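Residue numbering begins at 1 within each chain, and the chains themselves are lettered A, B, C, D and E in the order written.
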Amino acid sequence: MENASDIWSVFIYAAAIGVLLACMLGLSALTGTRRRESAGGPSLSTPFESGIIPTGSAYLRLPAQYYLVAMFFVIFDVETAFLFTWGTVVTEVGWIGYGAAMAFIAFLAIPLAYLWRAGALDWGPRPRFRTPDGDGKVPAP
Amino acid sequence: MNPLPALVLLPIAGGGVAWLAGRSRMAAALRVHDAPWRIALMTLVLETLVLLVATLRHPAHAEPWMAHFSMPWVPTMGIAVRLDMDGLSLALIWLSLILCLACLFLATRQVMANGGVFHFLLLATLAGVIGTFLATDLFLFFFFWELMLVPMFVLIAVWGHEDRQRAALKFFLFTQGGGLLMLLSILGLVMMHYRADGVLTFDYFALAATPLSPTVSMLLMLGFFAAFAVKLPVVPVHVWLPDAHTQAPTAASVLLAGILLKTGGYGMIRFNVMLFPDAAARFAPLAMGLGVAGILYGAWLSCSQDDVKRLIAYGSISHMGFVLLGIFSSSPMGMEGAIVQMLAHGLSTGALFLVAGSIEERMHTRDMRRIGGLWAAMPRLSSAGVFFAVASLGMPGLGNFAGEFLVLLATWHVSPPVAVLASVGLVLSAIYALRLVNSIFLAPQGGSLQPMADFPARQMMALGCIMAFLVVLGLYPQPFMTFSAPSSPFPTTAAGREGHAS
Amino acid sequence: MMRLSLPVLTPLAVLGLATMLTWVERRLLGLWQDRYGPNRVGPGGVFQAVADGVKLLFKQDWVPPFADRGVFVLAPAIGMMTVLLSFAVIPFTAMGGIAGGMNVGLLFILAMMGLGVYAVVLAGWASNSKYALLGGMRAAAQMISYEVFMGVSLLGVVMAAGSFSLRDIVAAQGRVWFVIPQCLGFCVFMLAGIAETHRLPFDLPEGENELGAGFHTEYSGLKFGMFFIAEYAGIILVSALVTTLYLGGGLGPVLPAAVWFTLKTCGMVMFFILLRAALPRPRYDQLMALGWKILLPLSLLNVMATGTIMMLRATTP
Amino acid sequence: MPVLSLNESLLFTSMLFSVGLAGMLVRRNLVFMLMSLDVMLNASAVLFVAAGARWHDASGQVMFLMILALAAVETSVGLAIILCLHAQGRPTLDADTGNLLRG
Amino acid sequence: MTLHDTFLPSPLLVLSAGIMLMLAGMAWRRSVVRGLSIGLVTELVALGMVTHHTGTVPDGSMGLFIQDHWTAFTAMLVLFSSACILLMSWRDLTDDGARPAEEYPLLLLLGTLGATAMVFSASYVPFFLGLEIVGISLMGLVAFNHRHFMRGCEAAMKYLILSGLSSAVLLFGMGLAYALTGSLRFAPPIPADGMPPAMAMVATVMILVGMFFKLSVVPFHMWLPDVMEGAPLPVAAFIAVVSKIAIFSTFVRYFGTGSLPPALNGMLYAVIILTILGGNLLALRQSSLTRLMACSSIAHVGYLLIAFLSPGPLQPGVITVYLVAYTVSTLGVFAVMCACSPSLSPNGAAITQWGGLFFTRPFMATAMSLMLLSLAGIPPGIGFFAKFGVAATGVARQRDLLLGALVTGSIMGLYYYLNIIRVMMKAPATPATKTAWRMEPELTTLVIVLTMIVVIGGLFPARIIHPFLPG
């Protein structure tokens, strides 16, 4: 840290925000109208589904695509961390560092191309892997 | 040209050729159904010739060590291919060759299933045994010691009888266990030598001069003893033997009883007694005790067997007890007796197994209670059987008697009670041998006896040779005794030292 | 005094501005769509936002019985918290704001934005409702995806300025604003910023024609208000960031830095609202494809180009 | 002047590590085990940073980045495998229910 | 940033380039055969360049990497084994067109890269990196079990949890070592002034435990049989050979040869005895050949550790020979298993199913027997000489207890190895059902080459003995 006062300001700031948020939550609890649960009618205690009565658990099995995105995020974001370390010292580390960074970016780009072709970046019901003949055409539904 | 490496390599090479000849495609091309057998036979004949040359080159026993061969192998660890031959090894190699030839004549020609592999394994075992008899580099000795187990294991496990695989496994595990202890002893000896001299070597002659404290030498000696005791076999570790002998195919039984057991005796003489004379002397009472125990125990169990092969196997244990007794009787006479006993036992028991194998092949049983009266049906076979049975009970005039008598005599000088007990074993051996003769050959057969082929003349000739050797060994053992005397690793003269220092 | 008052006043100011922004947006939308916005409460309807706030305050503080109570209450607070905390490092005064000199300022903002995902996911999960869960997941996937591109696009600025401190970055724009040399990064950052705040046209997590109201479907009262305000505070934050990183922050002739900063930020906010008025909403898969297949390569390209130019300039005397 | 001395950070990281280890040994839910694993790895990462600060050596931070990256990858792969297991019809995430691999 | 910072042994460079090439190729158009070919060529090129490097060699102990005889030797072993494993998987992958298999050679190459990085590491950074790369690519590979996907996943999960745990322990140990010394140099920590020496002990023990986990030494061995059973056969070979060699190589580099803190000797003694006896006892009880190989590999690590613990003039050569023997024999067993697996049960390879192999496929059975005998330490296999050497080092340092364990373990080992041979010799239950098997030239060649190495190495071991150890 350049100066410790920055840190302390941030702490004070965070404390202030904390107090503020606590106030907001507390205030709404105090000022809100009170009503017995039963008085709200049955629709108040069912999840909203555009007027349809919900069936089954709300915890659906989500498409694996979401998990894939999470993994890509984790991986690519962490890789960015490596680039950030280079970012502040681009000219200091010279051409060797530049070469290393470019190689690193290439090593990021090639897997990206691979993921793209493997279909990992596509959403929706498509075959995830291309057929061996490699034409990549999606069979007609 | 030095004959020693040829002695070891020839069987392996011949076996390889036999294997190739046995391949189905190759056999079809050769149009000879027993090509492997013929090749094996030729190999053995060649081997005999080489051995003959080796024997005749040094007729006068000018030096105790008759031939020497040395070639570096793993120089960084002081390991070399060192082969030396003295009278003892020469005699035992002769024994091996004779038995092997007899085997080929009597037992293996009929092996049709994978005959090539069978002969290869047979010859490989032989090579291992010969290597063991010749090696004077301790690593090389151990190498051959282990090497001969593998083909024997396969022989038993594939071509053996009903319970073959368990027997093969037992055989291998026991021998290997002893072998590992020996390995540790070898290494210990080498390390002691390294510490004393700063030279890393596995040379037998160099190691013999290692100064050792009594405890250490006792420990090392015991390691060697463990391996050889398993092979010999000495009583508590004999359990593999009856099974292995019984389950093995005839040829393997012959090799096992006739030759492999002798490596144990050879090792005891060459290593236990020669390398650690003091420790061996201190250990002698116990070893002799074990020997007597073996004699009595083997003979006693042998008396109560109904299985022919098992009976002979237990008989072997009893006979090898005499060898142990002789080796540790600390007298030249006992040693000579042990050697003669080894030779004679190899011949007689090997031949007995051949006969038993032939009987089994014809009768399809080994149960003595179901065999009988063969004398009438197969006189030639029966006469041979009776001869060898009598030989093994120690009939005077035959080799076994000479050996056992010498051993007993030497033992008497050391300890009369032991000698008395050992001679009780002789009585027992007469019982079981005569029981064998009686029930198989003489007693009337219960059921009807189908006419069966007797031994043809050629096979009788082979057996006849063995008989002749036994008779000569029994009547005039002196040349054999001088001929086969083991040589000491310690140089008796300065000249001797020059001869081997290399 | 400054050190104490600024931290206390800033959140209040941001909250107030965000509240007012709801009115501004509605008025501007009315203007561009050729209709009136709210114009009854106060002069020009300026108190509409206050009235809305008061209404929300007096609504029932309802936690649905099927929801996970603690998380349900905590989620909007987290959302507010992360947005407000990010303001700590924005140098909106000549002094550099609360902690504008913090040497990892940019990383701090990225971290806070990353934490912002928790608010959405937890809200969606705690609501125990299908719309909410789907909306939460969508929002999370969108936000974390675009955070990657945001980070990479920022890298160009960091390289050019040689520092993560926002104050240094502003100082480095003395000669030329980064919007010129970093135009590629600027575009990517703008798009990522919209997606991060899930504003229209990238408001798919709350797209009312498929998901009700997305992750805050089950929220009402002031807790809904907190999400609502947090979104507008997010707009201000992104605008302020764009100003700082690409538009020279408080740099400008004659007027004091704070004024320049405010002016530029306001311009960006208007631009955000204009986008809402002008653009249709894409499909979700188009949104993700845009990010991973176009923005990521573009931002990597930007990094490479920036590096190459910097190296060439450094080595040629 | 560092905010924390090495001893304090050692204490802190050891505690963090122990928490992770305990979680690893006690929890039977695969996801929680993964989380505990990450706690352990991050405890080590913090230790590297603290030690780097103590010796004024940047390599501790390099190691930190490496650990971060690899922990991320490990978690990703772990989640992927859990997903596979889940998709193959193993409903629970209990680590003790795996019984296909027994001698 | 100076030139010596770019010091990089060539195999690493070649392998990374190969991996990227493969990925790019896959992005362009998927093809298993091309992937496998690229992998093989990459590995061969890397094999040819083990002694080359880019940049200038750093002076002192500053560099990330190191290159000497020991790295050249172990890197060659690693690359050779991994090329063999690639060949073993060739048929399985090209057989099955329905599932994507292109990632398999990629992961395999990645694992090799990790192992090579470990071998070359002179600092905690590349060591940890390599360790994790091996671990992570192995998780993918283990789950690559087409026939038993569920098993594969379960094994991968098990591997993930346990390898993660061990990595964390190892890492914390490294962190402590770094805190003590302020350097990431790959060596046991020597505490600087004012640092408690007990901490150095803690750090060393944690690193030791982590490495033991990865080496699957007995108290930490339970994962290995399960993982190997669940994995596809070639991957099981990879676990047993490549990753173990890499770890052992770094283990030797880390602790030097014999410079282990004396206080740890007792612990190591116990661990070795437990490993040998435990591994062999476990192996006795196995009915699946893969699991048996896993247990026996546990025991072999124990033997290796005996040699490691007995420094002396013989030690370097002995470790070298033992590694070669273990590698080649194990690879040979797995190659035969791969060649015969279609006619056997997939992957489980219950030992009883090997009955009669001598009659159906005599060549494979003979090769297999030779390999097993070599593992058991019986001539003419190279394993005989290796075990002899281990015993020699033990005797030279009078490690009586360890030698006792060695003998006991060897006899047990002999039993189960011979048992397999015995089963193979059993006449087949259904007479002469000669199942038609495909010609597999690559597997046959591989088996022939490995057999030649085993036999020739056993007969002329002098050629292999070179003291490769570092320091």
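Following the convention adopted for this analysis, a residue touches a chain if its C-beta (ideal position, glycine included) is under 8 Å from a C-beta of that chain, and two chains touch if they have at least 3 such contacts.
Owing to the predicted nature of the structure, the values given are computational and were not obtained by experimental measurement.
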Each chain counted as touching chain B and chain D at once: E
Shortest path length from chain A to chain C (each step joins two touching chains): 1
Innermost chain, taking as reference the mean of every protein Cα atom displayed: E
Farthest chain (mean CA position) relative to chain D: B
Of all other chains, the one whose Cα centre sits farthest from chain C: B
Inter-chain pair with the most contacting C-beta pairs: A-C
Computed distance of Cα centres, chain B from chain A, in Å: 80
CA centroid of chain C to CA centroid of chain D, Å: 32
Length of the line joining the C-alpha centres of chain A and chain E, rounded to whole Å: 39
Separation of chain C from chain E, taking each centre as the mean of its C-alpha atoms, in whole Å: 52
Where chain E touches two or more other chains at once, by residue number: none
Residues within chain C bordering two or more other chains: none
Contacts with 2+ other chains: residues of chain D: 73
Every chain pair in contact, whichever chains are involved: A-C, A-D, A-E, B-E, D-E
Chain C contact footprint on chain A (complex, rising order): 1-3, 5-10, 12-14, 16-18, 20-21, 24-25, 27-29, 31-35, 37, 40, 44-50, 54, 58-60, 62, 65-66, 69-70, 72-73, 76-77, 80, 83-84, 87-91, 94-95, 98, 101-102, 105, 108-109, 112, 116, 121-124
In the complex, chain E residues that touch chain A: 1, 3, 5-6, 16, 20, 23-24, 26-31, 97, 100
Residues of chain B defined as touching chain E within the complex: 72-77, 139, 142-143, 146-147, 149-150, 153-154, 157-158, 165, 168-169, 172-173, 176-177, 180-181, 183-184, 187-188, 190-191, 194, 200
In the complex, chain D residues that touch chain A: 65, 68-69, 72-73, 75-76, 79-80, 83, 87
Contacting residues of chain D [partner chain E, same complex]: 6, 10, 13, 17, 20-21, 24, 30, 33-34, 37, 40-41, 43-44, 47-48, 50-52, 54-55, 57, 59-60, 62-63, 66-67, 70, 73-74, 77-78, 81-82, 84-85, 88, 90, 95, 98, 100-103
